[in-house]
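Presented sequentially are two complexes of chain A, the first with chain B as partner and the second with chain C.
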Partner chain A sequence: MHLDVAVSTLFGLLTTPRLLFLMIIAVPMGVFFGSTPGLGGKLGLVLLIPFVYNMDQLTGAVFLCAMHAVVHTGGSIPSILIGVPGDGPAAATALDGFAMTKKGEAGRALGASFGASSIGGLLGAMFLGLSLPILEPIILNFSPAEFFLLAILGITFIATLSGDAFIKGMIVGLFGLMCAFIGLDPSTGAPRFTFGQIWLWDGLSVIVAVLSMFAVPEMISLGVRGRAFDVSAETAARLEGATVPAETAVSPKVTYAQIFHGVRDVFQHKWLVFRCSLLVAAIGVIPGLGGDAAAWMAYGHTVQSSKHPERFGKGEVVGVIGAETGSCAKEAGSLLPTLFFGVPGSSGMAIMLGAFLMLGIQPGPTMLTEHIDIVWSLIWALVIANIICVIMLIAAGPWIGKLSSMKASFLIPYVLVFALLGCYLYGGNWQNLVLILGMGSLGYLFKRHDWPRAPFIIGVILGKIAEDSLQKAIGIFGAGFFLRPISLVLIAMIIASVAFYMWRQRRPNKASMPSHA
Partner chain B sequence: MLKHLFATVMGVGLVWSVSASAADLNQFRGKTITYIVSTGPGGGYDTYGRLIARYLQKHLPGSRVVVRNVPGAGHIVGANTIYAAKPDGLTIGMFNTGLIYDQLIKRDGVLFDLSKFSWIGKAADDTRALMVSKTSPYKTIDDIIKAKAPIKFAAAGVGSAAYNDSKILADALHLNVQIIPGFTGNEGEMSMLRNEVMAEVGTAESMEQFVKQGHGFFALALSGDAKSLPGVPRARDYVKDEHGKRLLTLVEALSEIGRLTAGPPGIPAPVLAAEREALDAAMKDPDLLAEAKKLDLDIDPSSGAQVELRIKAALNQPPETVAALKSAAGG
Partner chain C sequence: MLEGRILVSGIMLVVFTLLVGLSFTYAPDARFLPLVIGIPGLLLSAIQFVSELRTKAPPTVTVE
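Right, the complex of A and B next:
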């Protein structure tokens, strides 16, 4: 262990005003890029890299890491307040976060999200710090065979996430899987489901899928109703008597009390946060699975381990906590393979790797022996940035919360423009705009007729990983690839996951138990 | 007298030659040039593209050069976009030379003809190499040629430039390999660390980090240029038959013309000349060279005219080579 280095680097970061100042600047930038649908953290990194040209190694790397660390926390804001997630992991937060906003609990959802992000980020970094000595064998023992089985495990969560609508969930999930196969077949080069359209060769992007399943349907239903968001029965009743114009906002204000309530919720579910952080840090550290999958697996685990799976998607604060812990704990996870092997653990980290090289940080096994101070400084930068971010966001909470009480007539065009812009920026082709309108209408139909939409996103994200890994696993190990020890453990987990679901379905429904919240 | 006349002739000649070579760089004053990069943000092409765009702007006074990422279909969408742009010199950009393969096999979706682009220049070699894992039993290229059991190679998806490079090398050298496709980014290297695959063919630049860290070594350079990868055996020395040599010529051409800048066909000569001159000047700019060094990017420029000759030569392939390529592409 390098306990002395860990402590001294933390002390170094905290006592260097220049570094602290840069982190305080980097955090709002990260929040901005993360919270604006379509911009995203990767673009933020690309645009900021020229500014670190002349910084020294540590300063530049800490600055970029701090910005990158808070992108997902920023992304949770539009997910919760207006139901518009900017990327795959944020969609998991939107499921319960936006439902809470509709119940008038936006503040609590924000508090839970901020709290879970910071604790998740902190725990994720701590797990990785502690596992530094055994990190290499862990990373190297996961091969495409295991990626395939992990993806299958994630796909089994579709059943749990479908709630009461098992058949509908399966149909949507299978449709998502089918959409994951759009594009060139990696093993034959043949175009599949591309209808002669070259822009479909690269497949359906997760961004397009997320925006069309969540952002567009929310805005259509908002427009159809003509006023801001669903209101809880209570608020609606209160409105009945008052002479408020239909279009005026009705969401109760976000207050500090609400936000701190949400933060308290995180501490009440400390074991869940602990488990999700561990799970996601472990998945994040293995290059090849990616953060999108990690966040959804954390959400799936949260639902599965809950006593009240039927409440998820309807505004369960635990759902926000699980998803947010998931998306924030993974960053430290993807940082380490980038530093130790020079092999980036996520696409954001691939850009970061380029920046590290430019700053003269040479990733490789020597990082662990000769530059352990840089490793720890970066881990701490992730942690400190998360904490700064949460303090800033909690302080600004009531103002951020105003977004949820914006007039529908103002909100709809703003959100749709950003959703379309995000979609266009991602692929740079106008055809995606047509696609998002078509799929967005489908998403609206799903929403209106109570078909679960999360299984679609899981299908799109995990379907690709499953197919790709299966083909590689067969190529590398032959048909008996699933007989490797870790594979057998994963197969047992898949069977347990399905069996647990079936056992719970047979059990008499205990939904009438009082809520713990 | 004679001396005087000589001086006059020299002077006139000098003025003439200066005015002929110095294109009007001021014609871009107040104009915006869009520089298309055929990949998403981040990665080698994007880094080169952004660097070149910034220095083109510096050397075309009063202009603004903005980068636009047009990813899709392995650079085909970006190249199509540049090819279809208005030939006023205000839309130029960069794509992978591997598109030569796609044009040769007449791949669906290719709407361009590489022989007709207005070539502005190239920034660097893009040397292809065979990299072998340090933990593999193969220590030299001879071990690989002699191997009895199939050697597992990691490669990107079937039809990609990297996949074609692997297939061509295996074909030209009669190697006993099993190519496992579907590896993107650095996944192939990760797979080598796990001892699942033994080797991969790719651009030397993308694999350099892995070699520097001591995980792998370059077993073979697929380039005719002796400057690139000094000390590494050349593929040319191991190819015995005519068919192999022809295939290799193609890969070598791709290795020697990388990171190129092109515009749509029919850019008026004075405009093209100005852009070529600005790119040449940018490539010699000490600031650009310093920045490239910091970013660990090679700069080894060639003029637009040279690139044009090279591309046309590479496109001139006999039917057997095209057939070999088609079989590699699974078609």
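Right, the complex of A and C next:
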């Protein structure tokens, strides 16, 4: 159970002023990025990555994890106040949250959201911590052969991340994999796809890949739109007229009494919160099924288990509680495959995985043997960030309405400067600036024409892992490495993953699955 | 006028053609995985490009 490590890391986090200070800074940043439609938590992670690479592994990872942990809590604010979801999972919150605002219960909805998301985050982190002793013997039996197959499994999840745009997602994912081969070939030492440029011998930096595919396109898009809010047709259809134009949105009045009423509602539905947290944390472990699906599954479970399903969508506080619990509990679950298998549980975790690699944290079984302190620190960071977040948000509740009516487009020059600066600081190559502008333009074209971008990041990250593991596996076990028992199980999972996707696509009246990018 | 969606598909087709072509110039060990990944990518890009060419552009609405 590593109880001694669990206690000592908690003590270390709470008694190290620098770590505590960084978490206190990370939480409002996460809320800000999450609550500003058009920015989002992924962009927040992307922008902060270049600034943590001078930090030590523990500090950098804890800072990013604390920020990422509260992004979804922030995302619920515009969903509730103006009916514009900051991200996919927050759309489930908007269904009942904005209906409550229209009934004059914005404060109660916010209180329920803050309480449910914090408790969901706490329970999700506990799920991760308690599952470690069960997973440890399994993970430690994994060899390079299994890691190669896990990388392949991760690549098949590209299809899930691509939503309905399967071919586009696969093309982008395969392009990411090809970009992972840039640099010196590990077996022959020959340069590949370097076009005679020595600075490319080390390969394509994950930072450049992430910044060019997310930061630059988002900012170009914000500039072109000239406004922050971007409600997809699908979300608008789901909300069925619940959204209001940003120009006419008025910050609703929020009082402490309303907020505490909402928090009390969470405790009155404690078993629902408990069930949703465990359900979603377990779903979050499955790469590709996290994200939007987890929040909607929690919402679906809430409706199914209610005695009054007809009230949902019309301002039922339980709907907000279920959706918010789901959004936040899944983060801990999706951290598990990211840390121990190098397979990101969601598109946000794909960026987080890139950050871990950049900090020198190599995901895999060694996380359990050599870096268990980092694992527990990240679990506690999730817990502490959620506690700090709920305290801050409740305290700032009455003023929080103004956050979502803020014009995001004025941030464009600052974000672009930070992105370019961060890109240059990593490695000190001016050529990276040219690369980020070229790839950023391609990323904007992807965004504009509905090509998913998360598969690119997964491809860049998993391509290197797959190639290294394949060579080690062939070296250790020969060409028949895939006949090992665990390998056969993983091959069955790969086939099942592809078959599940094809079945879902062929189902009549299938619900449209949005792209996670 | 060239539509954006066709342009993106065309760019990906050109990129994969270039990368697969370059892969053939490397030593057998070095080109194995790039070809395993690049050839399916090239085929999918071609399918997507043809599919975009055959898809009619959505009608533009003029507000007077």
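One rule holds in what follows: the second predicted complex is superposed on the first by the 282 of 517 C-alpha atoms of A that agree within 3 Å, B and C clash if a C-alpha of one lies under 4 Å from a C-alpha of the other, contacts with A are read in each partner's own complex, and residues count from 1 in each chain.
Here is the rule we use: contacts are C-beta pairs under 8 Å (C-beta built on N, C-alpha and C of every residue); 3 or more make two chains touch, one makes a residue touch a chain.
Not measured: the values here are computed from a predicted model.
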item	value
First, second, both or neither for A:181, with chain B first and chain C second	second
Larger contact residue set on chain A - chain B or chain C	B
Touched partner set for A:446, first chain B, second chain C, both or neither	second
Partner chain(s) touched by A:108 [first = chain B, second = chain C, both, neither]	neither
Partner chain in contact with A:42 - chain B first, chain C second, else both or neither	first
Touching partner for A:330 - first (chain B), second (chain C), both, neither	neither
Touching partner for A:170 - first (chain B), second (chain C), both, neither	second
Partner chain in contact with A:68 - chain B first, chain C second, else both or neither	neither
Touching partner for A:190 - first (chain B), second (chain C), both, neither	both
Residues on chain A lying within both footprints (that of chain B and that of chain C)	185, 187-188, 190
Chain C to chain A touching residues, read off their complex	4-5, 7-8, 11-12, 15-16, 19, 22-23, 26-27, 29-30, 33-34, 37-38, 40-41, 44-45, 47-48, 51
In the complex with chain B, residue positions of chain A that touch it	42-43, 45-46, 53, 140-141, 143-144, 184-191, 196, 198-199, 201-202, 287-288, 337, 341-344, 347, 350-351, 354, 357-358, 362-365, 427-429, 468, 471-472, 475-477
Interfacial residue positions of chain B with respect to chain A in the complex	40-43, 46-47, 50, 68-74, 76-77, 80, 108-109, 152, 157-159, 163, 178, 180-183, 185-187, 189-191, 193-194, 196-197, 209-210, 212-215, 291, 294-296, 329-331
Chain C-touching residues of chain A, taken from the complex the two chains share	167-168, 170-171, 174-175, 177-178, 181, 185, 187-188, 190, 192-193, 442, 445-446, 448-449, 451, 463, 466-467, 470
